[in-house]
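Structure record follows, encoded as structure tokens.
Letters are used for the chains, namely A, B, C and D, taken in the order the chains are written, and counting of residues starts over at 1 for each.
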Amino acid sequence: MKDRGYYKKFGGAYLPEILVATFDELVEIFQTAKNDPGFWEEYVEIMSTYSCRPTPITFAQNLTRHFGGARIYVKREDLNHTGAHKANNVIGQGLLVKRMGKTRVIAETGAGQHGVATATMAARFGFKCTIYMGEVDVQRQRPNVFWMERLGAEVITVTEGTRILKDAINESFRDWVTHMDTTHYVLGTACGPHPFPEMVSYFQSIIGQEARKQILEQAGGLPARVYACVGGGSNALGTFNAFLDDPVDLVGVEAGGEGLETGRHACRLSSKDSSIGVAQGYKTYFLQDNDGQMRETHSVAAGLDYVGVSPILAQYAETGRIRFEAATDQEVVDALSLTIQKEGLIPALESAHAFAQAFKEAPAMTPRDIILINQSGRGDKDIFTIADAFADPKWQAFIKEKAEGYHA
Amino acid sequence: MKDRGYYKKFGGAYLPEILVATFDELVEIFQTAKNDPGFWEEYVEIMSTYSCRPTPITFAQNLTRHFGGARIYVKREDLNHTGAHKANNVIGQGLLVKRMGKTRVIAETGAGQHGVATATMAARFGFKCTIYMGEVDVQRQRPNVFWMERLGAEVITVTEGTRILKDAINESFRDWVTHMDTTHYVLGTACGPHPFPEMVSYFQSIIGQEARKQILEQAGGLPARVYACVGGGSNALGTFNAFLDDPVDLVGVEAGGEGLETGRHACRLSSKDSSIGVAQGYKTYFLQDNDGQMRETHSVAAGLDYVGVSPILAQYAETGRIRFEAATDQEVVDALSLTIQKEGLIPALESAHAFAQAFKEAPAMTPRDIILINQSGRGDKDIFTIADAFADPKWQAFIKEKAEGYHA
Amino acid sequence: MLESYLNNRLKQKEILLMTHIVLGYPTFEDAFKIIESMVSAGVDLMELQIPFSEPIADGSVILHANQKALAKGATVKKCIDFAKTVAETFEIPFLFMSYYNILFKYGIERFVDTMAENGLQGAIVPDLPPEEGKDYLEAMDKYRLSPVFIFSPTTSDERMNYLGDFGRGFIYCVARKGVTGVDTDFSRQLEDYLVRCRSATDLPLALGFGVKERADIDFLKGKVDIAVIGSETIRLVDKEGIGAVGGFIKNLR
Amino acid sequence: MLESYLNNRLKQKEILLMTHIVLGYPTFEDAFKIIESMVSAGVDLMELQIPFSEPIADGSVILHANQKALAKGATVKKCIDFAKTVAETFEIPFLFMSYYNILFKYGIERFVDTMAENGLQGAIVPDLPPEEGKDYLEAMDKYRLSPVFIFSPTTSDERMNYLGDFGRGFIYCVARKGVTGVDTDFSRQLEDYLVRCRSATDLPLALGFGVKERADIDFLKGKVDIAVIGSETIRLVDKEGIGAVGGFIKNLR
């Protein structure tokens, strides 16, 4: 591996020796594919027949009217097969797995979205599949576990550490160092050792490529601001990439959890609680203590509940090219509720972070300004979380009744 | 109303007098819209920016290999916004509601899919919305109720009659005869009094229009057979319409429930248990007793659990242009399971009927034959039903635990 | 024939009373007793509703009566037999009321024939507009029975004329939008509507939907020929038992 | 320096023993006692692992030890202080083993300086390949400490040479794919791999991952210079308590 994937001082490949050869192979396969014009074509082809690309942009006319400021457009990654932008990445990596001749894939998952996407890709490509998921997330996202199992994947509940996304990543690495001959680790976001940040954002860049073209056509101009939520950073990078050279304000929205002041959040780039470190194979801002031990993070959205962040985003945070903000759980639930009622769109809790921030800013803008929000996924999968966030009594009664049926 | 919407001896408009004027208005608005070339354009435009049209067709390479017969293609209505073909119909009718200047919509729903679609359309178009849903279906499809309510719709549980789809239709009519000045009844399928069968299949015909073009392009020829499940008949007609003049075998698949011999099914056109009758405003084959009282129907798929069927389909059943078959609950669950594992597609239980029948026939065909299956919707919504069909112990444990949390 | 019976009767009474029951509800025996007390309380004609599983034009009171009658085993045959007895027993005219599927499945001509044979005078089929009713109209004509059609506040003048042409016996004017069994506002607006009805047809006019007390009937005097009591007696039977029916009817006029 | 210590020692013994503990596990006091019994049982050098919250190269036994040590309050400072005492107390060389973030957050030069001052001889940092370790290598060189690098069965000959150039003290050969704490198959295949390792470097070779009994060590004699006992002692402590460690080590050789 010659290019070690640095973005200013972030990134790199801090690998156990056992994985070095595997990464060398991966880097090479990826570079070869990237340089093969047929590869991107093949990728777009499968995304447009197996998933539903190009996904549209939707003019949110009611929200626009409601806020009376900027004209709001929404990029509809929720319409992807399996319901989120995660499909872009897994299908892309799936094609590489085929090129490498491997027969098994593993993946971590937080929200469950990436797990379902990977299990789906594995079913479609005929790979064996194991998904690692933290125990806390298994609790929050049980329906996704159910679907992964139906898809033929083995879902392993991770009971180590904080039992969320980062721990699932660790367990995936532990599996990988044992089975790398047959197995590819489909990392779900633009984090981890090189070439993952580059590779994942490469596949996700299809979002921004489409969106830029669409918004020029449909809105007649470039957006003033583009919003995306930031977990690991893949949907944000995928959306932002196409606008980097444009005079467009790019806004990444992190999980403010219970509020920055409470410490119970997952803001790496929009809070002072993080610092630079090296873990899970790459260097970036982490939420860690002074010893370098990773801290517990918190978010209503499992997919944003992560200690690290893409090194590529860390770079842009330092250069100031991307602005990072935080939206709290409460702001997110409110934004979600408003979006459902006004537009009939059900963003995932993760995506609703982007909406929440856009809603804070849109009123102060003018109708000449266009804003674009990336709806990274749909919220159906979050029904247990959302029903709890709304404390819906009818839902609770239904669950109790169901449970009684199972006791019988 | 001059043209009373007859398809041979089926159809008509058996209306209470109070609704006659409303139907006259509806027929006129619909005819005017249909004759306005801009209208279809407007419809396609909104379907391609708010939903994800054209939805792709996917070559099911693994199922094709598995059965070793016909080449299997799947039309992906599951990728529509809200997850089913129902979106096509509601958006179309929504545009008519705007033309009529009405401010409220009502709808029946069985699977909940049409209710969610209508509530979504209402949110987007700014209409008030009431959804009628049989008590049995509320039980089966609680997540959809939750989302309808979040979307701002009022969901009324119908406790009359057999407490399923047909009873929800009756209640919708009862609402409508009271509020037709402000209210449009968004009937969810190609049934009911004229112009509904024509109107709903007109909007749904976008499926077949796209699919025919796509299969010619991607598969290089016309399909030998096209499969669609048949509840009321809207997705079937929408898919079949474009192939009526082609040498293509069209196969509608009804809910065989626990088996034709048990009487616990919902087969109007593929069993001898039905007879011609008039109810809910139109003449067709109904599952009724000798007195003309409607019978209980049964299906694992709420959306197919209906006593009547589109008069247009009844016509084609008589002419023989469309062949009707039945798939049992068990066959459907098996087909669903296979499709998930082989292709990473999760059809709705309704749609899985079409798959089940195709799977029975595909092995006896040759690779020169193409078959097209309409995947009318996605199965996520069915998690409670599917989890029960698989009797998944982990799901049950999860529900019990959740319930305990709510008791606390 | 029904129309001349009504016109004769109207020479004696300012307004006639038509009542409605669901056959087999609460039971056939009770239904018989209800009819008995209605007739002796001075009711002028009656609708006998053959229960149907999908009564879309009926509100919850009659809907439940339909469902319960069916659940208790009311069949079309039992209803017809019962109607025969009733028609033989009592002097006043009886009409069948039901949804079209009941006639259709029985065989339209056969149904009408049976009606005639059993002494019924006509029928009200709320989901059968004349456009769909060719066979029915021919049979009714052949057997000299009265097909009763319905006017509603949404019916145009032109359509009232059209319906009037097909109607026999009387026209059933529904008082308002909505289903049976809900309150009606007896007001100026209703009056205007009834004026429209009156000028559209020479047939006697009945008004139904929401008529439930003496004041309503007083209001209707001079405006229509027949006041129809529908859900209210069923509600009464449900609440106070069949014994209360006679007194209730007597008090109406 | 470490390498000459090892070479001297190897003149007396056919194979050396390196053991591993997690600092603060089960407690610092117990860790001290474990070291004591290991040293007196004849261990030749030891790895002291500073616990880290994300030990991706470790299997469940060491992972849990890391987590429990942290949960009981093991800080980097406590680990360093403890290591200092240990290095002062016992004669054998001690190495730090930890993940790179621990060094990085402490400040690399500061960390290496502290190591040197506290009498540690080197460090194993499994997630730091030389490509990413410029600062670390410079500091280790400056303070004359040994950065130990790792060979694995997937490491090419070319890369072994490369790693050998950066390594000091010895090379840590992992016996197989996978994480610590899993059984290793001591077989012909392993032998071939060790032949490759030997020809790539002049440094002493240590072999770790899955070494847990006398037979394993017998197999390794003549093939490597140091046998590494990792998870097995932790497993022993978990099961039989710290008293069992001395006897276990003595029995190995």
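Keep this in mind: a residue touches a chain if its C-beta (ideal position, glycine included) is under 8 Å from a C-beta of that chain, and two chains touch if they have at least 3 such contacts.
In this text the structure is predicted, and so the values were computed from the model without any measurement.
Counted as hops between touching chains, the shortest connection from chain B to chain D is 2. Considering the contact criterion stated above, no chain is in touch with chain B and with chain C alike. Distance from chain B peaks, on a Cα-centroid basis, for D. Chain A and chain D have Cα centroids separated by 37 Å. The distance from the centre of chain A to the centre of chain C, each centre being the mean of the chain's C-alpha atoms, comes to 65 Å.
Averaged C-alpha coordinates give centres for chain C and chain D that are 97 Å from one another.
The distance from the centre of chain A to the centre of chain B, with each centre set as the mean of the Cα atoms, comes to 33 Å. Counting partner chains per residue, chain D has no residue touching two or more of them. The set of chain A residues that touch two or more partner chains is empty.
Contacts between chains trace an open chain of neighbours here, each touching only the next in line.
Shown are all chain pairs that touch, namely A-B, A-D, B-C. The touching residues of chain B, counted against chain C in their complex, run 1, 4, 12-22, 160-161, 166, 170, 173-174, 177-181, 275-281, 286, 288, 290-294. Within the complex formed with chain B, the chain A residues making contact are 48-52, 55-59, 62, 76, 79, 81-83, 119-124, 126, 139, 142-143, 145-147, 149-152, 218, 337, 340-346, 380-381, 383-384, 386-387, 390, 392, 394-396, 398-400, 402-404, 406-407. Of all residues in chain C, only 52-57, 59-60, 63-64, 67, 70, 75-77, 99-102, 104-106, 126-129, 131-132, 149-156, 159, 163, 174, 177-179, 182 touch chain B in the complex they form.
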